[in-house]
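Quick heads-up: structures coming right below.
You will see subunit A twice below: alongside subunit B first, and alongside subunit C after that.
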Partner chain A sequence: MSESHVQEEGFLFQGAEARVYKKTLYGKQIIIKERFSKKYRHPVLDSHLTDQRLKSEVRAILKCSSCGIKTPVIYMVDFNSSKIYMEYIAESITIRDYIENFLKDGGNINELASLGRQMGKLIGSLHANGIIHGDLTTSNILIKSKESGCDLIPIDFGLSSLGRLPEDQGVDLYVLERAMLSTHLNSEKLFEELLDEYRLSFQGGLEALNKLSEVRMRGRKRTMVG
Partner chain B sequence: MEIFAQNSFINDSYIISLVLFNNVSNSSEIRNMAIKREINATLLKPQAIVDSFQVLLAANKALSNYLGKTMYTKSLHSEIIFSLSASRSITESFKNFGVENDANSILIVEISEKDKSSIDEICSRVRGDPVKVDSIGTFTNIPVIKQLYKIDESELAHSNLNDVVYSRMAAKEFVNY
Partner chain C sequence: MPIAIGFEGSANKIGVGIIRDGEVISNPRMTYITPPGLGFQPRDTAKHHRENVLSILKEALREANITPKEIDVVCFTKGPGMAAPLISVAVVARTLAQLWKKPLLGVNHCIGHIEMGRVVTKADNPTVLYVSGGNTQVIAYSENRYRIFGETIDLAVGNCLDRFARLLNLSNDPSPGYNIELLARNGKKFLELPYCVKGMDVSFSGLLSFIEERAASLLRKNEYTREDLCFSLQETIFAMLVEITERAMAHCGSKQVLVVGGVGCNIRLQQMLQIMAEERNASVCAMDERYCIDNGAMIAQAGLQMFTHGQRMDWNETFCTQRYRTDDVYVSWRD
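Coming up: the complex of A and B.
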């Protein structure tokens, strides 16, 4: 009488903090993100940190969705196995792959200005709502086309935090700038488009951009003098 | 009678069985049997349920807490009710999702080890009409769901009700609504 709807686990990838699987659960395609323990940490501290990070990741995702920013639906958080069960975004690719495919098909990166502006708007609305992503790269934003235009869906909030400090916003942009310029050749102009739109997208935009130029001078870490 | 049975994704050797009854005439009797643990199952109010996925998520979460010895309530079956609720109050969870004495419809949920299910026996005690679990949506009371999960109309502009319900359940331990 029972029917197994749990298919074999499909391993997708592994980062420094977690493994990601794709599964079909009772007819829904889902992603499982499993944080693993760090053997070099004291077990009590380790499980405490893992729980805290699971929570902060889920908090940021839910904050996005309550602010109208599309993110994966969270189905379950299992602290016993340090897993987050969430929606698999079907028919989407990362912006990184999107840009690479576009270039491979003979496109010029500067034709992607509207994508840059849409990214700027997205990051502006994250920051406007007090969400710092913490690891913005073109691999951590999915693009999914819809009837008119496309949706951008930020993923992997594993390093995210909540707050509105221009400093954190500036660092968030700086991380993306470094990632973009090193991943995508000649993406300077694309990034400028992004920043232009970002500045317009929320009140604190300009202040965050000023911080960005400060961060560029000194790097991601604050100088600890005095 | 249709039994909707699925394997748990937390532990494959457990099975989750759902049976839905309408026009129930002995709810208080069934409810008392559950309270006295004469029947080992959870009795849910179908009006507070959007689909079977919601119940399966709660059941799996309950099983994980049971096996991991991190339950908030005293039994596996009461843990299902707690997991369903967006509230961290056990009393409130039971009030919102448990059946009342005069309930007309009941969704029965049983978690058991494989081949140890007693769902047939449990169901034989119910005087009512078994209906397909798929038809749970016809029992759903959307205003009640919105109130129980504190769902704002503005949230539904860009996400669907069921998805908001799932994430409310998932994060209830550490997000306040």
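Coming up: the complex of A and C.
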């Protein structure tokens, strides 16, 4: 990240495609997510992708809120500067940090079964409502505790699409599986719990799981030369 | 100082390399080149390897100026790769190990690239983009495994380029990808192609079918030149690769990226990675043939690491296999 952005007021962090700022608007804390142009890409491709991802993100978040899935509220979108102004979710951390903290405090990853089930339920309801996240990782779901239990809040919908194809749902799960197993050691059982609840909570779950095993086989069976 | 000899022949290159303490002392190789429009078939490739492996071995020993007696360990590619070529080389390595009475180690081909890249660039813990004819993976090390963060869910990037080259009837000499790269340098008009990134994974099959269906008619109507198509293809698929590499780097908090595999030789890909790295205050390890293009020394280097950390293989473990994933290997030589 370049110095100028670090110094800019409210700068939080720079992800792969966007800079995130925390600012105050009418006395409310908000997040500004600014997509920036990637210099390595051909300009035509770059502007196409930046626009498309901004739109996908807004579209999926609106769809979530119309289906009762908790996501950050969008206050404003500025297409010219590729910025989304959205709700700041106070006192939340990513599931990734949550798991890492839990392990640091001496917990065993298999004690997190109920978290896995809650994630499965969340993804089931995204898919049931025709939302494919496209970049499911434990960094892209926030966890916020409340009086009884906790809320899970999916974020980062830039790669999302709308649709109900089992193929897309299967790939969505595959992406999450890969991200989880490579990030959190020994999370196989946790992921199984997740899939179990996914299947129970989402009617088309079984079909998506069949696709998931097909997609896995594609990776395994692919001849690997060179 | 331990000395290792490595035999590589998992695809269309046959190579024998000798390594002494991380230093390449000889590394001859040959490539099986097929006529334009044709790929390399397992049977013919194996035949090519069988016919050339002994003369390459002699050359390797002569260039290194050592006798078999001085060698400490014989290493060969256990997989992944095409079965017939793998077997043709494994037979040689197994025979020599018995003749010379040396321990024999089967090495994962992908790990060979990575270990060679690490020793040449002295990069301690880079995020690795592994791109070749058969592999497309984004890899990072953690807790004794090279973990695959992202990969292709269908075609490998090199395979996609090779098939496109066949479509345009480009020469396979020195490699189809290189001839695409040369044409792409003169391309100007950008054709938008399907861009398919899913998290840290990519997919190329849709893009390939798209261009396979349209290439002939676009060229016939003079809407795009061959140069334009090569240019558009490179710009699109490399942007996908750089994007997932960057995402993995952001995910792992990595500040260094190493590109290995044949496609890593492409100057445009290196340039794009360089720009991406600069934008996030990271660095790209310099490209080098020693770890990009398949060769024997990289197999010797990974084998030497295993050997000096006490790994030995029973005779019945020294087989080869077409499917051997990078994350299947227990990496005993790193903390």
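Just so it is clear, the second predicted complex is superposed on the first by the 198 of 226 C-alpha atoms of A that agree within 3 Å, B and C clash if a C-alpha of one lies under 4 Å from a C-alpha of the other, contacts with A are read in each partner's own complex, and residues count from 1 in each chain.
Rule of thumb we're sticking to: a contact is a pair of C-beta atoms (placed from the backbone, for glycine too) under 8 Å apart; a residue touches a chain by one contact, two chains touch by 3 or more.
Every value quoted in this text rests on a predicted model; they were computed, and no experiment measured them.
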Notebook entry, point to check: Is A:Tyr21 contacted by the first partner subunit B, the second partner subunit C, both or neither?
Noted result: neither
Notebook entry, point to check: What is the contact status of A:Leu45 with respect to subunit B (first) and subunit C (second): first, second, both, or neither?
Noted result: second
Notebook entry, point to check: More residues of subunit A are touched by which partner: subunit B or subunit C?
Noted result: C
Next item on the list: Quick one: classify A:Arg218 as touching subunit B (first), subunit C (second), both or neither.
Entry: second
Check: Is A:Thr137 in contact with subunit B, with subunit C, with both, or with neither (first, second, both, neither)?
Finding: second
Check: Regarding the shared-chain residue A:Tyr198, is it in contact with subunit B (first), subunit C (second), both, or neither?
Finding: neither
Next item on the list: In the overlay, answer first, second, both or neither for which of subunit B and subunit C A:Val73 touches.
Entry: first
Next item on the list: Using the superposition on chain A described above, determine whether A:Val175 touches subunit B (first), subunit C (second), both, or neither.
Entry: second
Item checked: Overlap of subunit C and subunit B interfaces on subunit A (superposed complexes) -> 1-2
Next item on the list: Show which residues of subunit A lie in contact with subunit C when the two form their complex.
Entry: 1-2, 14-16, 38-42, 44-45, 48-49, 134-137, 139, 159, 171-172, 174-176, 178-179, 182-183, 185, 215, 218-226
Item checked: subunit A residues within the subunit B interface of the complex -> 1-6, 23, 25-26, 28, 55, 58-59, 62, 65-66, 68, 70, 73-81, 85, 87
Item checked: subunit B residues touching subunit A - in the complex, by the definition given at the top -> 3, 5-7, 9-10, 12, 15, 52-53, 56-57, 60-61, 64-65, 67-68, 70, 114, 154-155, 157-159, 163-164, 166-167, 169-171, 173-175
Check: Can you name the residues of subunit C that touch subunit A in the complex?
Finding: 10-11, 79-82, 109, 132-135, 140, 142-143, 147-154, 156, 158, 190, 192, 195, 197-201, 235-236, 239, 242-243, 246-247, 249-251, 261-262, 271-273, 275-276, 279-281, 294, 322-325
